[in-house]
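Okay, got some structures for you below.
Each of the next two complexes has chain A plus one more chain, namely chain B in the first and chain C in the second.
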Partner chain A sequence: MKKRIFLGFLVPMVAVAFLAGFSTAALAAKIKIGGIMDTTGATSDVGKDYAIGMEEAWKYINEQGGINGKKVKYTWFDYGYRIPEAITKYKLLKRLRSIVIMGWGTGDTEALSPTVNKDKIPYVSASYSAHLTDPKKTRYNLFFSSDYSTNARAALTAWLDKKWPTKPDYGKRKPRFACAYMFASPYCSAPIKAIKDHAAMLGFEIGPDQDVSLFALDTKSQIMALKEFKPDVVWHGNTTMSVAATMRDAYALGLGADFIINNWGFDENLPRLAGEAADNLVVMGATPCAFFGQNYKNMDIVVRTAKKYNPGIPTSKRLIRTIQAWGDALITWEALKRADKAGDLSGPGIMTKGFETMRKFDIGLGASPITFTATDHRPTTGCLIQEWKNGKFVEVERVDLKKRWPAKWAKEWLGW
Partner chain B sequence: MRKNLAVLVIAIIGVAMLFSCAGMTAKPTASNFKTPVITLESFMVPQYDGFWYYSKKVKPTKGRPGDRGAPLPMTFLFNIENPNPYPVLLEGFRFTVAIEGFDLVTVNNDDAYWIPAGKTDQVRATTMITARSALLSLLVTGGFKLKAMGMNPWQALEKWWTGVPELKVPVTLHEGAATFSAGGVTKVVSFQAKFP
Partner chain C sequence: MSSVWMPCGDYHQSYAEDHGWWQTRFIKFKMLLLLAVIFVIIPQFLSGYVMSVASMVGYTAMGALGVQLLIGYTGLVTLGHAAFIAVGAYTSTLLVLQFPWPQWIMDAGLAYPISVLVAGVFGGIWSVLFGLPSAKVKGFYLILTTMAAQFITVDFILTQYVSRIGGRGQAFSLPPGTIKVGPWVIDSEREVYYLMAVILTLMVIVLANLLRSRVGRAWVAIRDNDIAAETLGINIVWYKLLAFFVAGFFAGVAGGFWVSNTAALSPEHFPWFWSLWLVGVILIGGVGSIHGAIFGSFFMVVIMELLQVGVIPLADYFPKLLMSFASLKEMAFGLAICAFLIYEPNGLAYRWWQAKNYFNLWPFSY
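Let's turn to the complex of A and B:
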């Protein structure tokens, strides 16, 4: 009898403990995601905001239940914009069984691309080089944004649509166009072939390129060379400081050209650095998403989360880079939810049952709808172009390249 | 037989009550969760290699040439005071290190530490920058600011690499954020510090 009583208690207790143990284990199940960020190197001024924004996004995602109830363990490292360090950190994150890695720059993303594609680990980076959009070559490289070439084509199109008709010489001659960028930089030079192709197609007269270092504080010689050509519009493909230096000199020397700028040179710091040049020149740029705090869908979530997890950073210091981080995190979240629902969180599963099932997926935040297919990883078909006007950023035009040039979009422009 | 059964039931309930009471005395809620306090106890350069820089044009005795700069490791020891009558979990913390107003590294630590009830624990964070990474950061982003200060990047680097280890150049921590949780309640604490 004693034995029966003992068993009568012991068995249910053991069963409960066993179940509790299992449920604890289930609750503890975490999906590991890695991050390789730059918070010390050449791009740390924007890299820090991106890294912090990325961490905030994953915290928010966990607040929302993570990946269908599974929490995310997001682990990131600084690599100081050094490619060998990025490779080392990638190997570490792989050893830690990260199923997706959030990356950063063009140099390291392209250096890691063969390994990432061999390992079949989705690598969602902040490098938007069009070279990474052809799945035949770089299937596991992804990002949410319009690629640099799409940015460039869209910016030039918007300028021709909205600014050229306001110029005195409109209708009298061809518009003149030139490029300023650091020739040796992979990021800066990535879209040059595309924008020149676009300029030729739109009937621009194309002037000589100007080599402007990312470190430049003085660009007078380049501006003097441009003055001989008299461009109506200049594409600047650098990052914020050297873009500001060029604008300052262009304004001081009376170049008389408008500026269209790639996304990494066009942020909340540009008007601060360029000063009166920003207020007096026409300054437009590619914005694959909204600036921090701009009135777009889901921006309230981003701002609220930033205040919650980083109360020590004033929102006035936050940048569009936070929004870019959220863009990459949100598409990854969606892909993981879809792949998990299909029961396959392997690399190929995340790709085919996650990312490549997205059709015009709307993340809000001013971004264009996002589509990935098995044959085309250009996330968007166009880009929002904004300008700095009367002390704030305002929309100029949302250019959809696929709508305007469907045949070229489909047959000619993929992967460059 | 029934007596034995009753004794067993009472014993189980008694133990359960003891455990639950222990928890009840200090159950964390949003209203009673007092903000933990973070202070910087000390700062040091744990290993020092001087100030040097050589470009990839210089052939090294061994190894491959490259743009290389002296490392500057930095260790920060924080006091984490938990004023609550229950333990709190430090889930991670982050801060930015600046020298003379230039942000040089954002340190992130995702390790978890339990801070006992009513106690002060210590947590150490270590990071490292190199003269090469700091140079690039200054060149790409700090040009205007340095110019306004009447310095060039090389002057700034030498001043920092020789001055920081001897505490002649102060190190500032800002934009600090630490996430604490207890019983499902989460609190983010911001902090900043300067040393010396």
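Let's turn to the complex of A and C:
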């Protein structure tokens, strides 16, 4: 009997669902956008909020009429930060005729980059690796934020401008700098060459790197190793959970260094997880956009949409990751509208008549104005550096690298 | 004995006959049909997506064959196979990118095939290094020594040193057109699929042949009772290490193939979870069977994909499903292993064997 129920009901249901899911005809009337997200893997501490934010953004875009009146069908998958799975998910989204794909991590985005180039599908990622910004190599990779290398250079510059002069040893010796990050992770390691180059240029003494896993809960051995070098400032390139673990250990063991953090490690959860370490250490981070709920243009839309579609998640628990997702969705929306108006929604059309026509395009949300050209996919020329101070995030400095080092920005720093 | 149909009983008169590949014309026809499906029908008539899923099945099966050899045929439990795949992938990539190949080898498109073979040898040697403790320990202790392969190889050597060659940080990227086999540039789903199909077919032939030789019988004897095997005159250390070499060779070649699929490489491609996954593949497919490695790979990749595709239309009505499915999938993996261990401990291969037997005897199955 049970077998009969199984064969008679469940199997046909799954088969119908499968056929319906696989049928591209079923989706024919809408513009298809794909998504590859991490809500269960190594970076899910920041990925879940991003995935939720991305879904909300596309729902809002549909409410506003979609792409010049054409509705969007946004289909996304979780790949659990497993690169082999990201590759099959990409192929599935291609099979479903997605014209743009919203991607996630550096490892999979860089792994997919040659394929994306060949397929000519614009790939708007949550990875802001500078390796994805040179159109000569990665023609179809994009994102709305300052890249990791720009973040790193800007954070180090801001620390040197604002914090180093307040230290007792200022003017007596070179400032000491070290990096903590997961060596094996392409995301974490992406800006290391750039920040060391910048540190050397600014006259820092550079110490040994420390390997901190994205899953780390205990980093005492790394902190003990750092104590021998006595850094004044430490760049942390991981995501929030392991950054918080490092800060707690640094505070407990009296490392005495300030922290500058890449954007995926610096969010509303950091002070919650790091506790008194966040309140007592100097903690600065690169912020590609405003934190959730901060008073900036278009923030009201994001908050309203979050409440509407996910009323079960209190807004106090929402993160800057939602805003980052909106940033990527909004530039894609604009590019698609422009390309559609020009009558060309092909991959090359979306690039040349959409993204690459943007000049200082303002999405609000505290993000810098965005520019893409056919020769340079660095969206912004600098980054806002904020710090956690007196129980809230406050602005330290908006560093514009292009203004400060125009020759290097133009000739040397593209693509790494 | 009929040369067309299998007889209802075992009428083989020699060992060679018992292990013959083409016992009847029907079997020959069946195998040729299978080869036609793999090499003609799938690549000619199915979409790029289906071929990419098939390539993932093949990549999984390449790794699983090595795990099957160690666990299923030799009784050496391993949880470090991802490390040997990583060694192969890095060897192949570094050779392609950094080795000063003579121009004629580059022109002839031999650099990548040679690098894959070398990757296999390196994978084999590396596997033997971590197989050395099997001379002294087995069971639970051997699991731990093979796990060490993952941490020493991927987390330490590859991450800290090998990945930094070339100064690009942690990831290698192969420029388009780098991966060539003879005149063919491997740059589309179809070519990757063909490459997978050829490599996997060769691996299955090699393993099947090894298993019906003296070497294979020695491995099975060690699995069944290593002390008894030694008393029969089998040098168990030698054969255990040989099993590690062959499994590592397969893993190295699988790593070399993986590079053709991604054209990019970082240590993140080889997490410890992948070793566990491969053990799950053979548990579900059937321990001690080449079919088991293939069926298990098919089940783990294709069923998961089908479930994912099935969720798409339902997500219109149940938007939370896409988010929930992520964790459901992880649970499905665990449940599938538990369910197979409890209800079908011999795996899918046993079901295949039962079905074959049924039709062998049909319509007089009684």
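Heads up, the rule we're going with is that the second predicted complex is superposed on the first by the 387 of 416 C-alpha atoms of A that agree within 3 Å, B and C clash if a C-alpha of one lies under 4 Å from a C-alpha of the other, contacts with A are read in each partner's own complex, and residues count from 1 in each chain.
Everything that follows uses one rule, which is that a contact is a pair of C-beta atoms (placed from the backbone, for glycine too) under 8 Å apart; a residue touches a chain by one contact, two chains touch by 3 or more.
Computed from a predicted structure; not experimentally measured.
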{"item": "Partners on chain A (chain B, chain C) - clash or fit", "value": "clash"}
{"item": "Partner chain(s) touched by A:343 [first = chain B, second = chain C, both, neither]", "value": "neither"}
{"item": "Partner chain(s) touched by A:78 [first = chain B, second = chain C, both, neither]", "value": "both"}
{"item": "First, second, both or neither for A:165, with chain B first and chain C second", "value": "neither"}
{"item": "First, second, both or neither for A:39, with chain B first and chain C second", "value": "both"}
{"item": "Contacts of A:245 with chain B and chain C, given as first, second, both or neither", "value": "first"}
{"item": "Which superposed partner A:391 touches (first chain B, second chain C, both, neither)", "value": "neither"}
{"item": "First, second, both or neither for A:217, with chain B first and chain C second", "value": "first"}
{"item": "Greater residue coverage of chain A in the superposed arrangement, chain B or chain C", "value": "C"}
{"item": "Partner chain(s) touched by A:51 [first = chain B, second = chain C, both, neither]", "value": "both"}
{"item": "Clash with chain B, by chain C stretch, listed 8-16, 26-34, 80-88 or 170-178", "value": "80-88"}
{"item": "Interface residues of chain A shared between complexes with chain B and chain C", "value": "39-40, 51-52, 55, 75-78, 80-82"}
{"item": "Chain B residues within the chain A interface of the complex", "value": "1, 4-5, 8, 12, 94, 96, 103-106, 108, 110, 129-130, 132-134, 136-137, 139-141, 143-144, 147, 174-177, 179, 188, 190-192"}
{"item": "In the complex with chain C, residue positions of chain A that touch it", "value": "14, 17-18, 20-22, 26, 39-40, 51-52, 55, 75-78, 80-84, 87-89, 91-92, 94-96, 106-107, 110-115, 117-118, 131, 183-186, 189-190, 192-193, 211"}
{"item": "Contacting residues of chain C [partner chain A, same complex]", "value": "47-49, 52-53, 56, 59, 154-155, 158-160, 163, 167, 169-171, 173-176, 187-189, 261-269, 271, 273-274, 301, 305-306, 308-315, 319, 322-323, 325-327, 329-330"}
{"item": "Chain B contact footprint on chain A (complex, rising order)", "value": "1-2, 5, 9, 39-45, 48, 51-52, 55, 75-78, 80-82, 214-215, 217, 239-242, 244-245, 273, 308-313"}
